[in-house]
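In the part that follows, the structures are each spelled out as C-alpha cells.
In what follows, chain A forms one complex with chain B and a second complex with chain C.
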Partner chain A sequence: MSAKKYLPVLWLLLIVVAVQLATSYSGKEFYLTQLTMTSYYCLLVIGLCMVMGYAGQISLGHAGFFAIGGYTSAALTTNNFASYSELTVMQLLNRYGCIITTEDMFGDTIINFHPWLAFAAAILLTTIIAFAIGIPVLKLKGHYLAMATLGFGVIIYRIVLASEALGEADGISEVPAFVLIKGLSVNGNMDDRVINYYIAWGILTIGALLLINLINSRTGRALRAIHASEEAASAMGINTARSKLYIFVISAVFAAVAGAMLTHYNGGIGPSEAGVMKSVRYVALVAIGGMANFWGALTMAATLNFLSLRGMFGSYDDAVFGAILILIMLFAPNGLFKLSPIKAIRQIINRDRR
Partner chain B sequence: MPLLDVQLLNKSFGGLQAVSEVSFDVKQGAIKALIGPNGAGKTTLFNLIAGNLPANSGTITFQGKSIQRRPPHKIASLGISRTFQNIKMFHGMTALENVMVGRHPKSHAGFMAAMLNLPWTWKEEKKIRDYSMELLELVEIADFAHIDGASLSFGQQRAVELARAMAADPTLLLLDEPAAGLNIYETAELAKLICKIRDMGITILLVEHDMSLVMDISDEIVVLSFGKKIAEDVPQAIQNNPEVIKVYLGDDDA
Partner chain C sequence: MSLELFSQYLFAGISYGIIYAIVAIGFNIIYNTTGVINFAQGEFLMLGGMIAITCNQFMPLPAAIILAVLLTMLIGAAIEMIFIRWLDNPSVLRVIIITIGISILIREVALHIWGENVRALPYFYGNEITSVNILGANVSPQIFFVIGLCSIIVIILSLFFHYTSTGMEMRACASNRRAATLCGINAKNMVTLSFMLSAGIGALAGAVMSPITYTQYDIGTGLAIKGFTVAIFGGLGNSFAAVVAGLLLGIIEAFSISVVPLAYQDAISIAILLLILFIRPHGILGSKDTASLKEF
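For the complex of A and B:
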C-alpha cells in the first residue's frame, strides 16, 4: 500500500512528459497553452474532490475561492499604491524587496506589490474567508449546504463585478509575470510556453502528492468515516466539525493557488471566473470522476477542461457541464468509471420497488 | 466512587417522555445490563451518555467528572466507546480500516503531518494497523480484514463494530444489543468474548434482549419500562421481581 499509492503519480508524470514531447515534435506546441490552463483548473478540482468525495460535503462556491486568489494577486500587482508610499508598512515592505517601483511614460512613480507578497496575501485572505464561511456553513447538510455555498459564490461574483479596484465587468488585465525564482516565471510568453507547462503540471503533481498522502492517513480515514456515518465517526472520537472545516479550508487554498497562478499565466482575470456556472462545472467534474475517486476526478477534469478550453463545446460550454451533472446524478452516481450499464438499469427498475 | 454515575436523568421527545428520572451507577470492572421492552428508552439512555443527545435535566458523571453537554467526540476521548443497535459501519472501508478509525483518539497525525507524510507518522500508522489487526483477531474475524466492511455478514459486522469500539482502549464500553441477529452459538461466543473484555479491565454497560445472555454474564441489571427505572438488582433477584415479570409477561389490566 505504502508505495503503490504513488504509482499513479508516476503515470501522471510520464504522461505529462510524453504529451510535451509529442506536441513539441509534431509542431503543435500551441496545445500546451490550454494544457497549462487545464492543469490549474485540475488543481482546484482535486481539492474539491476531497471535500465532496472524501468528506461528503458539497461546495457550490469554489469559483469564489478561485476568484479571491486570482483577484487578490492581480489587484496587488497591478493597482498603483503610490499614494500609500509614506506609510511605515510600505517602507518596511520596500526594505525587504516586497515592493516594485516603476515609472510610467509621464514619469510618475508606480508602486506595486511583488507577486510573491500578493500571492501570500491571496492565500492568507482565502484562508481567513474560508474559515469565516466554513464555520457557520458546514453546520448545514445536503441542500442547505449547497444553497449556502452557492450564496457565497454569488456574493463574490457580485463584489467582483461591482468593485472599481477589481475592474468591474472588464476584470484586471496586464497582470505581470510571477517570478517564482530567478529564471522561473509564470507568464504567458510564447518563449516560456514549455517551461510554464511544466511549472503548472509540477504544481499539480505536488498538490496531488499532498492529497494522496492525506487520503491514506489517519486524517483521511477520519474524513471517509465522516462521509459514511457522521454519528459513528464522532463516537470514534473524531471532531467531525473540525475535520470538515479543515478540509474545506485546504480545498479553498488549492482553489486560490490555482486562481493566482492562472491569473499570472493569462496576464489577467475577469468576473466570469467567479461565476456560479464555473462552480457548477467543478462540481460536475468531481461527480463524473466518481466523487471519492481522486484519479477519476483528475482524469475527467483534465480531459473535459482541455476540450472546453479548445472550444469543443462551442457556445454550449456551460450547458454541457450542466447536462453532465444531471446525467451523472441520474444514471451514474458513482461516476463514469464505475458505470456498468446493466447495474444502472437494474437500479432504475428497483427504484420503484424501494 | 462509581465509574459512571447517572442521576435523575430526563429526556423527552415532544410529548414523549423517553427517559424519566433515571438514576443508576456502574462500578469499575463490572458488567452491567440495561434491559426493558421495546421503546423503554435504552438506546436513548445510551445516546445521552455518549453525548449524541442532550438531556433535559439530570447529571451524568464519568470518573468523577461531569460529561454533560460535551460533544460525542470529547466523551469518546475521555474513554467511553460504543456500538450501535442498528450497525453503523463505515462503508467503502475495509474491516481493518473500520477498526483503525476507532484508534483515532489514541493517535495524533493531523492534516499537516499527513499531507507532508512526515516520517513519525509512518510508525504511528504501523502501530494503528498492528493494534487493529490484533483486535480483529480477538473478535475472530482477522481473515476478513481486507474485505469491505459493509459486505460482511451481520454477525461479522457486529464483531467489527466491537473491535472498532475497543480500538480506543476505552474505560467504559457501551454495547447496544450486541447479540441481535446472532444465532445461539454465536451468542455463546459473544458471551465469552464480553467476559474476556471485562477481564481485560474494561467496564461494560450492555443493552440486550437476549435474557439468557444477560442473566449469564451480568453482575447487575437495571430494568427500564416506559422510560422509568422499575428495578435494579443482581440477576437472580431480577428474575424473581414481580414488577419485572409483570412488564415482561404483560399485565391483564393493561
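For the complex of A and C:
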C-alpha cells in the first residue's frame, strides 16, 4: 500500500493546527472548548462508522458504551472508597500508586482510584460488555438488531438513572483531572484549553490512523465483503460472525474512550449522555457522512457537533437531527458526499417512463 | 403475598399488558403489509391522546376521541405518502432510519405544540377515586374500557383481514407483493391503508389509556419498545399472540415491582426482550419452521 491513504491524516493535522492558530490570533479561543468536546464525539462516530458503514450493522446503543466508559471513570475517580481501605486488593493497589488518598476539609480521608486505573477499568468493562452483548446481538438482522441494540441502550440509561452510586438523575460531578503524564492532564481549566484541544484531536488522529489501517487490512476487506453480501462473504470462507464481533467491540471501546475522556474534560457526566436520542444522533452523523465514508463521517460529525454544542439549533436541536436524518435517507442514502443531483433527477424521470 | 395484593398487581399488569398488546398490533399491521417495523408507532398513541385532550375542550368526550382517531389516521397516511410511498425498493436499514427520524420529528412538533406538561383525559366513567372491588383489589372502571376496546379491536381486525376483500388484498400483499400486484391489487395503496389503520388503532389506544397512564410528548419511545417486545414475544405478525404476550409481559412487569425497585422496571422488560431475541426470535407462539424463512 502506498502512503496515499495517510494523506487525509496529514490534512486533518494541518486543519487542527490552523484552527487553533486562527482562534488564538482572532481572540476567539473560547471556541476551542466546544472543538475539544467535538473531537471526543467524533471519536465515537468514526468507531460507529466502522460498524455501520463497513460491517453494515446498525447500532442504536452506542451512547450506552459512551456512558459505561464515562461513568466507570467518573465513579472510580470521584466516589469515596475509604470504607474499603482494609481490603487486601486496595492495599496492593496502594503499593503500586494506583490509589489517591486525600483529606477533605473536615480531616476525613478520601480514597479514590488513579484516573489511569479507572480508565483501564472502563475499557476492560466496556470490552467485556461489548463481547457479552455482541455475541448474541450480532446474530440478528434488520429490525431485530436495531431493537436489540436500542434495548441495550435503554437498559444502560435506566441503570444509570436508578443507581445511587452513579448519582441518579444528577449524574456525577466534580470529576478530577486526568493526569496523563506529569504536566499533561485532561481537564476543563481555562489555562489548559489549548493543550487539551491538542490532546483531544491527537487522540482522534491516533484513532483515525488505527481505523484506516484496519480498513485496508485483511479484516477490513472481509468487513466490506460482509456489507456487500453476508452470504457471499461466508461462502468465500470469511468468518462473518467473528469479523462483525471484532469491529463491534472495537467501536464500543472507541465510544468508551470518548466517554471517559469527555467526562474528565467536562468534570462530570449526566444520564442524558446515555439517552436514546444520543444514540440516534450518532447514527444520524454516520448516515450523513455516508455510511462507508470514513472521512465524510468525520467531517460531518465535526461540523454538526460543533454547531450543536455552540447552540446554533436552539431548542430545535433534536428536531434538526431528526430532519437531517430523514432528508439524507430519502434523497442521499449514500451520504451527502455521494449526492449527485443530476443522477437523481435522471432517476426520477426514468422511473416515470418505466 | 396476600390475595388483595396479588389481585392488585394482577389487574395493574393486565391493564398495562393490554396497552402493550395494542401497540404490538399496530406494529403487526404495518409489518404484515410491508415487512417493515414502524419505529414511530408509539408516537401515534401520544398523538391520539394529545389531540383528544385538546379537542375535549371544545366538544364532548366521544366526539373528541373520534376526531382524534380520524386526524391521527390522516397523519399516518400523510407520513406514508410523503416519506415512504415513492421510495424505490428501499433497504430495511434505510426504512428503519427514516421511521426513527419521523418519530423524532413528531415528538419535537408535539413538544412545541403541547409543551412538556403531563396531561390526561377525564375518566370515561366516574373519576380518579371511583373503583370497583374485585377479589379484594380496587380496580378503576377505566380498565374495563381498555380491555373492552382491545377485545373489539382484535375481533374486528381478524374479521376485516379474513372476510372483507380489502383485508384479503392486504394479506395478499404481505405474503407475496409481486403476485398480488399481478392480480391487480394496488400494493402501494394497501401500504398507505395499513399505516392509516395502525395510526387509528394507536390513537384510539392512546386516548383510552390517557386517564390511567397520562399523556406526555415523549411517551412514544417507551411504548414502542414495550410494544415491539410484545410483538416479538408473540411472534411478529400474529395479533392474537400479541394479546397473550402483552398480558404476560404486563403481569411479569407488575409483579417485578415486588422484587426489584420500580426504577428498574423498564430494564426488566427490555432484558426480557433481549432474552427472547437471543433464544426464540420467532416468538413463544411462532413456529420455528416458518421463522427459518424470514430474516432475523
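Just so it is clear, the second predicted complex is superposed on the first by the 343 of 354 C-alpha atoms of A that agree within 3 Å, B and C clash if a C-alpha of one lies under 4 Å from a C-alpha of the other, contacts with A are read in each partner's own complex, and residues count from 1 in each chain.
In the analysis below, a contact is a pair of C-beta atoms (placed from the backbone, for glycine too) under 8 Å apart; a residue touches a chain by one contact, two chains touch by 3 or more.
In this text, all values refer to a predicted model and were calculated from it rather than measured experimentally.
Of the two partner chains, chain C is the only one touched by A:Pro333; chain B is not.
After overlaying the two complexes on the shared chain, residue contacts for A:Arg224 are found with chain B alone; chain C is out of touch. When the two structures are aligned on the shared chain, A:Ala233 is found in touch with chain B, with no touch to chain C.
By the touch criterion defined above, A:Ala148 reaches chain C but does not reach chain B.
Set side by side, chain B and chain C differ in how many residues of chain A they touch, and the one touching more is C. After overlaying the two complexes on the shared chain, residue contacts for A:Asp318 are found with chain C alone; chain B is out of touch. Within the complex, the chain A residues that touch chain C are 56, 58, 60, 136-137, 139-144, 146-148, 150-152, 154-155, 158-159, 161-162, 276-277, 280, 283-284, 287, 315-316, 318-319, 321-323, 325-326, 329-330, 333, 351. Those residues of chain A that touch chain B in the shared complex are 2, 210-211, 213-214, 217-222, 224-225, 227-229, 231-240, 246-247, 250, 292. Of all residues in chain B, only 50, 52, 71-73, 76-77, 81-82, 84, 88-93, 97, 100-105, 107-111, 113-117, 121-122, 124-125, 128, 164, 168 touch chain A in the complex they form.
Across the complex, chain C meets chain A through its residues 36-37, 39, 83, 87-88, 90-94, 96-98, 100-105, 107-109, 112, 221, 225, 228-229, 232, 261, 263-264, 266-267, 270-271, 273-274, 277-278, 281, 295-296.
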